[in-house]
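Note that the chains are named A, B, C and D in the order they appear, and that numbering of residues resets to 1 at the start of each chain.
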């Protein structure tokens, strides 16, 4: 189990969300409240778009709470769009290549959850990855493989459809292996412009996911809170569990939905796995 | 806050106590029950006497629970006397030289607790370390400095008196700096033959410490427990918190006492800091 | 490019070969003489059989020359059969799961060299690994994959034939991809009793490999050398490049041969890749 | 022995000097040409001033050549003033707190060289550090201690005089201990505006140090070199050994001098240790 956070808005120093808040992501690495595990100490990663718009990664196998470099970078780097992830391994090795976010081209991907029975299904799922993508797989996690399956299914042109196909494939494969509820996931992915955040599980009881309230609404609700002034109106934060306890700030994502943070109005849509993935 | 374990008895594989037990030390690195912190993920260390009787160390900055090498070594190495320690930093850097056990010559030392106001007192305490020992100090913890002060005060010839002087000095120095209760400690030290385990705090409310019951008594209490057969009668384990829930197995050390595990009858004695340390 | 060492004989402390010699393996991590690279600083690994005969691993991503734990373990552990390897990555990630020796069941495996064009061939080669072995692959190196192919081809029952088939498959696959000389290797593998050491390359110009001279011969040659007394007559060391400059101590392995260190007389045999591997 | 680089000029991505050049600093971590050691694999550090003008650090114990995070950060971070350092330990532990650059307040400091006989002199030198600074010392190197001595002697108000006093003290102390040539150093320090770069050794045979030629001169010399266009005229680079072989680009610093890169005309001045440091 893991915790993650995605930010889109006016450029802010990463530390504003990773370090400074009560119940910041670094706090959650030691003491998560809503997770399947309370400690997320098996490494962490940060992915951000730099001033040239390029995605960059800082990933480490150390616990987030005691990594000094993370605090330095979070203080020294500003970005209009970044992902951060703290890991609690479900069994695969503790190494940077197994640490989220994963990157391919301009895309980032991170995941909380697991594929049940993954060891048995891994070979079949690997087999479904497109040849041109296969050599880019560096680690051994279910999460990275889900990313490459989604890329295979067209993530870069139609993200929602691609993830629906990926989930469809995982569920079909799992069922073929006799796994009851093969997939548990909250996933965030981005091309550097928009963010797609998915909440889904085969059993219909998914890991928690929250979207922050529109910043203008929140400012109207808390006119005295000066710290909100730092955030532009289009700011949106998506998290595994709320940062802090601010009234009205966080909205739980509904089961089996995908939220899209984009220029123009954000959206939330039902998410339905596609069954025919295997027959493509 | 930290957790530690000391073993003396017939040679056993380290994994018997570090890995295999319910509530083993590796379990405690993720979920300690009696500690000031529940997570002890800021590194760990193991010190053991090898077949030639030499003390060896394996220390790492990774969390004990996800370090594969620790499991390999704990399975591959047997020893009649070993120390193990999992660390939760109270502020000093996460680096091997700050990781217990510390070693000097044939002696090992490990500590759970802290010197309050240490940053202010560090210089004075360093000043009291003997010239010939000073260059051996490699890290920046209070724990290592306590070891070198004890060595300065004669640890190698009279361990109890030396620790009493060390504690006396720390308390005097703390009081001179206006610190109310300068010291909180459970400490274990060994020369490879005997183990001295101290439970003391300036405020008289020390961190927990337990000695295992005499193995012959325990075997009589649980005649059906085959696993006890692996331990010789003179086996003794000293721990920050009990491994497992075996009835009658663990005895809390009294406040302000030192237990001595040695050939012949073990001892437990009152522990009284020596006030005149500064005037030596 | 890498350097490695395999030892079989009376139990000795690992440090005798890893640390203490002039041109020890640790020296070679900083300054190899015969390698394709002079620095082998991308991690290292040691595999040894413990007193119960079980294979154990210590692997790290740090350079061997500055890893204190390696020196401690090499001083504290004795074994009658051990492997050691220092790595210079040819491109794959620096992580423990990419560090030699690799282990499966009772077997260890280590490699110096590379599969040329590996990125293109990896998927096909993975595909040839037996289903029951596939999930045990943890890393992304050519070396580990060669091990699992050899296991697939029967390493545990006929090591030489299995490696001949593995090499045959790699060469066929490489040729199908238009790679001129697909394989360069010196490989050592062991079941804890015997050691098989292979020297082979598609181009017939293999990386260096040396076998130590029979210890009785060497003692006769250097009657004054007391340090040789520590080694039993059946001691054999196999290395990428000689440790030290002792006259008569090292014999270069011939091209396309495999040496077998075993109870009874050691052997050296021609090595011929098997072409029909693909059609099995 | 180590290698370092200091940059001041128009903001550039760090990778321009750390990664992309022929003979970049990362190249030098594997293969330095002019150093006392050819491999500088005992960790590295980068210090830069961020867009708010604050100094930030990224330091690691891994070799620079295989650290992926370093390449990511060097690509993602731009700065008008940065330091970078690759380490070859002269004996002290491999840990982040022993890795350059060191930081205090707004100041950065890095060093190539050593204090001979440091183990014997360390205690006395530590004793000379101002009380208010002492608790900020985190590591155990001679280099960091030189920094804190310079701070004690007024680095922040008169850097040249402070370093002259620091060197004076080190030499006096060394001579008192019978050390012939106590100090070997090239040092760079900065407050985020100017850079002071010192070349000095007790024996008058100092480690190499080069200043880049004025950029307008260099552009006039190489009118065809488009890549020079990326650098503003006031750009200055100071290095342990030249990056690349560009004719006219590098000027060796004279023995016992300090160069000052500042707004307005840069300066180069003789450097003379101050003898009366001890009597302050």
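As a convention for this text, a contact is a pair of C-beta atoms (placed from the backbone, for glycine too) under 8 Å apart; a residue touches a chain by one contact, two chains touch by 3 or more.
A quick note: this is a predicted structure, and the numbers were derived from the prediction, not measured.
Q: Chains touching chain C and chain D alike, please list them.
A: Chains in contact with chain C as well as chain D: A, B.
Q: How would the chain B/chain C interface be labelled, same or different, where same requires over half of its residue numbers to be shared?
A: Interface between chain B and chain C is built from largely the same residues.
Q: Find the geometric centre of each of chain A and chain C from their Cα atoms only, then give the gap between the two centres in Å, rounded to an integer.
A: Roughly 41 Å, centre to centre.
Q: Among the residues of chain A, pick out those that touch two or more other chains and give their numbers.
A: 68, 93, 96 - these are the residues of chain A that touch more than one other chain.
Q: What does chain C use to touch chain D in their complex?
A: Listed in rising order, the residues are 30-31, 38-39, 41-42, 61-63, 65-66, 68, 89, 93-94.
Q: List the residues on chain B that touch chain C in their complex, please.
A: Going by the criterion above, the answer is residues 48, 50-51, 54, 56-60, 68-69, 72-73, 75-78, 96.
Q: Please name which positions on chain C make contact with chain A in the complex.
A: Of all residues in chain C, those touching chain A are 93, 95-97, 119-120, 122-123, 126, 131, 134-135, 138, 140.
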